[in-house]
Amino acid sequence: MNILEVAGLKTYFFTRRGTVLAVDDVSFDLRKGEVLCLVGESGSGKTVSALSILGLVDSPGRIIGGEVMLDGEDLRQYTPRQLRHIRGKRIAMIFQDPKESLNPVLTIGEQIMEPMKVHLNLSDKGAKEKTLLLLERVGIPKERLFSYPHELSGGMNQRVMIAMALACDPEILIADEPTSALDVTTQALFLKVLMDLKKERGMSMIFITHDLGIVAEIADRVVVLYAGRVMEKASVWQIFENPRHPYTIGLLNSLPDIVKKKKLIPIAGQIPGLINPPSGCVFHTRCRFAQDICYRVVPPEEEVEDGHFSACLFRGSADIIKASQGERI
Amino acid sequence: MAGKKASMGGYIARRLVYSLLIAWGILTITFLLLRLGPGSPADKYLANIAASGRVRDIAQVQAAIDARYGLDKPLYLQYVDYISNLLHGNLGWSLSTSLPVTELLSKHWIYSFELIFLSTVFAVLIGVSIGIYSAVKQHTKADYAVTVFSFMGISIPNFWLGIMLILVFSVKLGLFKTYYDTSLPLFSLGNLKAMTLPVITLGSGMLAGYSRYVRSATLDNLRKDFVRTARAKGLPERTVILKHVFRNAMLPVITIIMLDLSGVVFGGAYLTEIIFGIPGLGRISFNAIFADDYAVVVAVTLIGAMVTLIFNLLTDIAYTFLDPRVRYV
Amino acid sequence: MYKISRNLLFAIVISVIIATMALDQFALKEKLLPPLGYFYVFFSVFMLFYFVYPLYRNQRLTLYYWERTRKNKLAMLGLFFIVFLIILAIAGPFFTADPNYVNFEEKNLPPLGFTTSQSVYDRDTGSLRNAEIRGTWKHPLGTDDKGRDILAMIVSGARVSLQVGLVATFIALMIGTVIGVSSAYFGGAVDNVLMRFTDIMMTFPFFLLLVFIVFIFGADLTLIILIIGVTGWTGAARIVRSEALSLRTREFVLASRALGASDTRIIFRHLIPNVMGTLIVIATLSIPGVILAEAALSFIGLGDPTVASWGRILNAGQDNLETTWWVAVEPGIMLFLTVLSFNFLGDGLRDAFDPRSEL
Amino acid sequence: MHLNRREFLKICARAGLYAGLGIGLSGCLSKQKEAPQNVTLPSGLHPVKGTYIDGASAGDAETLNWALAADNASLNYVSLTMDGLITYDNNLNVQLRWLAEPVKVSGDGLTYTLVLRDDLYWGDGKPLTSEDFVYTFKNLLLSDWLPFNYKDDYQEIVNGKKQYVDIVAVDRQTYQFRRQTVYPDFFYRVTDLWAYPKHIAQKYEGNLDAFTQADELNNLRYTGNLGPYRFVEWVRNDKFVVERNPDYYLGKENGAPFFEQYIEKIFGTPAARQAALEAGDITSTTLDPLQVGKFKGMKGIDVYTNPTNGYEALFWNFRKNGWEGLRKKEVREAFAMSIGKDSLIQSIYLGFADPAFSFIPRPSPWFVETGLGQFGVGALYNKEEAKKKLASAGYMQKDNVLLDAGGNPVKLSIITNSGNKVRESIAFLVKQELAGIGVDVEIRLLPWTTMLDQYMKNKAPGNKASGFNNGAGAVSEKPWDMCIIGFSTDLNAPSGSSVVFGSDGGLNMFGYSNPKVDELFKKAQSKEALDTSVRKGIYAGLSTLISEDLPADFLAFPQSNIGISAKVKGIEPGISMGYNSYLWYFEE
Amino acid sequence: MPFPRFCGYNKSITGGEDLSEKLLEIRKLKKYYPVQTGFLSRHSDIIKAVDCISLDINEGETVGLVGESGCGKTTLGKVIIRLEEPAEGEVLFKGMNILSLKGGEMKKYRREVQMIFQDPSASLDPRMTVGNSIGEALLIHGMEDERKRMKRVEELLNEVGLEAGDYSRYPHEFSGGQKQRIGIARALALRPKLIIADEPVSALDISVQAQILNLLTELKEEYKMSYLFIAHNMAVIRYLCDRVAVMKAGKIVEEGEVEEIFEKPKHPYTKALLEAAPVLNPHVRRL
């Protein structure tokens, strides 16, 4: 059932100041037809993980370990040419800032048609027809075919991005914070279009976000990342109702809720730098429950309940369970 | 759409008006320069007469000649005369070559044009390609080689380079003629061969400069999100570079090339023409300076400024077609 | 408090310099310094007060940018050569011969380790007498056609080149900064007028204009420096303006305005220090251009004839490239290395000051 | 790359200092030989072939409309297409060109009769007649509207009034100049001018603008068979191209000239010019002394060393803003005695010059060697002696420093134009030498215009305009003490140099005044000087007087070196080497 | 549209009599930007950034201003602090019209009203030490003694959770959250009565957001200040504010007590905003 499996992924950036451990031993899998959310704050490695899947990490970054299995084949063993045939065709990706992610000097029509011409060998005419259909489907008037990105609003541009991603009917769509540059109302409309399309085509989706609200809204399963490592992996229900990692708990406690006013309990301290990440558990510098052992031992991911993994040495401790339930008012 | 066209027309109109304003400023400054020069047209004849050492009463001759050239009029009337003469295409009479300045320049501009044109083509073709190459291969040995080579190209005084080239390739190796032969038809094979050393002399600095600009512009654009999008679409690397990166990178480079035209190219062409004996505008004005033939010097300065102005205008207009974003400015 | 005292101190020092200059010009019989000398003193004092002292005071920031620059090997190479050149220009004349000392007995000596043959015409026999000449330790880089020591000339040429490069660039940047900042800050009509004027100046082919003006007013080093400074500010003005414009809307400037900071305070405490990085980069990258412009001017015979600049030595040597090649080749190499060094350093500084690479 | 404003030293123009085929107006001796065409061609054929390219220095000609020209290059260009009345060979003997017979001077020295050949015609086939010459003189050169440079040459003072000499056409081939006063050098004035075709020039008469801009006069298409070459094109600042004139009147028998084309090619720098010769791209060019050794050793290139008619001298400022010491003869002598001319020639000219003691160069028929004060050479090169002379004039030495009467060290300035490397070197050498007698010299290298405007031009108090000589009371704007400058001398008529040394000479910028000199110059132009031997005596006296009074320290008569491809044959080296260039030919 | 367009202070909308003391009153404020569209047709288009807005802020109150990007909320903030000049209208601070203030009075006003900016990286001068940035306010307002200033700045640093030793460090040495703390310290330096916080947390990470929100709440108590809190995140507004005004296209479409607005939004736009905001509960899914 797993269409994509990522195991032990390590992507480091070799900068002049030192090696940035952007993604350090990250594993997760994506099941057919589900929405997997990668959640984390800036620098947690969620975007780099996604880029690593497609081999799009730019210099000075390099994937130095792990496997990316697509339908049982390791994409890391692929030649650049083979990988190119996966990109856009079997796995498509959309990015955070639609304005920046579209080439400003090409019309949107041209940009949508590009992958079709490359992967499907469509003629100009065929590509154009298909593009018009796609545009209609994502809700863009067809006379916009010859518009340039700057002539469209952010929401519209993000729809263009979807149309482009869906051009070759990929099996997997990776969406990297596609809504964070959009207004709330636009975001809601956009998510609707995205989820409808996903259901329609039975795609699997990796959705990267820092917004737990969106996670609650669309995810089937969730991977919580922090400082390049996986903290917790579980279904969306488990995450929100029974979080078993202090970081997840901290996140949930520091978010104000729109439904009712509650007390906020922030996570103390700052996000650590990734050149010399904290020893042992990367979260120990900010963890309320940290013990001496946390400074030394890198906690392994262990299943705490069915399909619920946590990388905390004290995942079952009463304090944590209490914190996760009791303090959430 | 109609609104867009109108705004584009408006933009061009605005540029035109600015250019006219600048042109007027240029005319005024050149007029002042002409008046700054110690020489009046009279001085030429006066010098001749005085040189014989036999005529004492020079003041009278001076007055007569001043009257003939309208120099006894108040300054503003001279200014009006100057402008109206220019509008009639009359740049005055060149005393050192016995030709109307207009005719002199119309005979000689082609040599400068050929030199600048060939050098620009040479510099742009090679500079742009090695610039892109070195950006794509950033941090490789090839990149460092290009970088060091570019710096050397920028730093080598082109008048010195010219002399050395003549010494080595013409005198010692006898590969080229030591001078530029004007009897060969322009752009003929022999003529192009004669242009080799001058073009290298003038072009190497430009080439090096352009390769630096192109490299950094390409690097800037390589980091852009839309490049990642293009790669995520599975486009071949060639297409990514040539279609997506190149077009965007060239936009700022075009401006720089145009700016170079007034500063680097004219100055360089001036020296190159002197060294290789190419009878272009630079050489003409150089000789005119030492012959106190100010009308020619000022006319060449004027033309240099006007050409720069027109090229800047053309660049601005070309921008509206190359960069769709500008149309709304 | 320190700001006021620094400005005050600067004003006092400058008044003293101006007073001395006036005294020198009008009262004293023996001139203490040539006009350029005063210019140089003024320049040094200004740099000391508004460049070196702030660098010292803001050690942490200085160190931070130094660390960033230091990573660029080419820039360090350039810096090394420039420091060498500065030491050469300042201390060199004490160790080398007088560059103006002429000795026709020792004319056209090749550099150490080279030999050359020279011939003299004998009117009586109508034939040439040939002689082999060998380079000597006394003149390691050889001598020119007047027997002047080329090493000494190159050392004094280094001084000239640095003077021209630094002072002309300084003038250009001062003008450019004033025009750029006022254009950005006052906006509206002021901006329009200043920028159109800049446009006009920019369209003029710089070198042609330079040649013309120098020819009209005479080839005097001070004047050449002034002319380069007065015509060469346009690029700086544009860059400073666009930087200042973007800075003006930056939130820290807004914050300062919200605190009630005056325009002068914002210009001098926020705009200029922030433009400073760019200015340093422009300066480092303009200096080679200026040095080359002076050299080119000297090369075509319009340089100050009383000053042994590299361009002038080169000009003197170019006619006999095949016989006394060293006269043209040596200053050419120095010129090339100097320009290269400044370009290396400028590029390194640009990377170091690049806000995009700042965190 | 000389900064000389060429027209300034136009006195040079009277005797060519040319590169290449110094075709031209070289001055000459009055003894006219009835020279036949002394063509001594070697046996065999000289097929017409090849292009002769002469590499010239930076300055291009200014106009082909010769009446307006004041620079050597212009006259040089024109002379390729028009021979002129006569020319001079290397011994300064007259060679007839357009003239059918030698100039007849009447016994009273007042009438000059010139007879033209009858086979000369203009480009449109109309014959060249005496009427053309008379018209050219009367209506153009000597008219009010045309600022012809040599007008004064045709003026004489009759009863205190200036007037032009009379020109009359006697018949179709013959015309006469009729003077009322005697002027022995007048021969040289009347024989070195061309004529305009009357029927063309008439169209522009009276209108300077039209005349200046007249296309027919600005190109040389009217030259017909008057010269060895015909005008092809003139690319400004690049080249002047002429082609073989098949109708050339001197080529009727032997088919001269033998070059298909002749090109004056202008180079930006001497280096480029010499490189081109070395590479074989051009046929000839002048060489710097330093280059001669290299080119002499080169196969395929011959180097010719020829004397010239110029001299370089150190002039003193006699005016009020110069050092008063230089107005004393002993001081001048002392200075001249301390500047060694031999070492100057050795180290600066590398031997290619003669020491100079007066303004008349060795090739001139009026040159005398005996009786000259030979300062700076031999016994008269003696710094100790110089110091004694200075002491006698009241200038004492102290610690090797010369002190003036007030006890102050003597500091003098020496000026010369920047860009002229030879003069620059001389300035340094003079400084070095004068340091030997305790004089501290400051060298000021000035751009040519600055030097002329601020140092050479002078004006008397109350006078508005400044000129090169505004009388005894005039001073220049800026003070100076010594000046290095070069002049050339009309070899045939050195009396022209009175403009430099005469008290009211137009180029006497130095304020020199010696009644005896003035008198001798006047004498040289008087009736008694009609007799060549008398004139010789006058010039000898003048030379001796000048060499002793030292209005300037004459330093050297430079020689010129010309490198020519060894393929070129028929060359007769000498001071007017190019006089028979129409007979030169290429040999493989 | 049935909903009434109103201009001017309409008490019926806010409901109930307001007895607490008014700190700031905005009356019919307008701010227009001209947009150049063509060469000859200058100023033909106008963007109404602030279009006839009236709003009160009481002492000790936190008023939220919510709306989507480009609705003019930031412009309103800038007009209040006089970084922009309005076209029309009045802004009364403690009953004084601040738009006519000049010189010394203006300087006084500056002490009372301060602003916190959105982007913590852009709001600090990268070439100035943190101490100087914070101390600048004190210097401008007459505290010239450097030692005194330093002491006060160190106090401020402690109050916002930084260390006194950070005084001589530069902004690039801090993380985003810390920079925002510095920005807050700078705003606090003059002990203002009103702080305009323009999206102070939207550029921060979630875990840091809460720190800053809590800090703002604490400081409000300590300094007895009012906030005008500009945000687009409804949840943050609900957490922090007493009253909220909803802005759309330069106009305030609805205004009232937080609970009232969130529970019973009247204006369709408010409803849309609330509906679009994601809820932290996977059980309430709408997609």
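The chains carry the letters A, B, C, D and E, assigned in the order they are written, with residues numbered from 1 in each.
In this section, a contact is a pair of C-beta atoms (placed from the backbone, for glycine too) under 8 Å apart; a residue touches a chain by one contact, two chains touch by 3 or more.
Just so it is clear, the structure is predicted and the values come from calculations on it, not from any experiment.
Among the remaining chains, those touching subunit B as well as subunit D are C.
Interface comparison, B-C versus C-E: the pair with the greater number of contacting C-beta pairs is B-C.
When every chain is reduced to the mean of its CA atoms, the largest separation from subunit E belongs to D. In terms of their C-alpha centroids, the spacing between subunit C and subunit E amounts to 49 Å. Work out the mean CA point of subunit A and of subunit E, and you get 32 Å between them. Here the spacing of subunit A and subunit C, counted between their Cα centres, is 54 Å.
Subunit D and subunit E have Cα centroids lying 89 Å from one another. For subunit C, residues that reach two or more other chains under the stated contact definition are 300, 318, 321-322. Residue positions 38, 163, 167, 171, 274 of subunit B each touch two or more of the other chains.
Interface residues of subunit B, counted against subunit D in their complex, comprise 38, 45, 47-56, 58-59, 61-62, 68, 93, 95-100, 104, 107-108, 163, 166-167, 170-171, 174, 177-179, 182-183, 273-279, 283-284, 287, 290-292. Those residues of subunit A whose C-beta lies close enough to touch subunit B in the complex are 51, 54, 56, 58-60, 80, 84-89, 92-93, 95-97, 100-106, 114-115, 118-119, 148, 150-151, 161, 164. If you check the complex, the residues on subunit E that touch subunit C are 78, 81, 83, 106-107, 110-111, 113-115, 117-119, 122-129, 133, 136-137, 140-141, 144-146, 168-170, 172, 183, 186, 190. Only residues 1, 3, 269-271, 274-275, 278, 288-294, 296, 305, 343, 346-352, 354, 418-419, 421, 424-425, 428-429, 431-432, 443-447, 450 of subunit D touch subunit C when the two sit together in their complex. Those residues of subunit B whose C-beta lies close enough to touch subunit A in the complex are 138-139, 222-226, 228-237, 239, 243-244, 247-248, 251, 322-325, 328.
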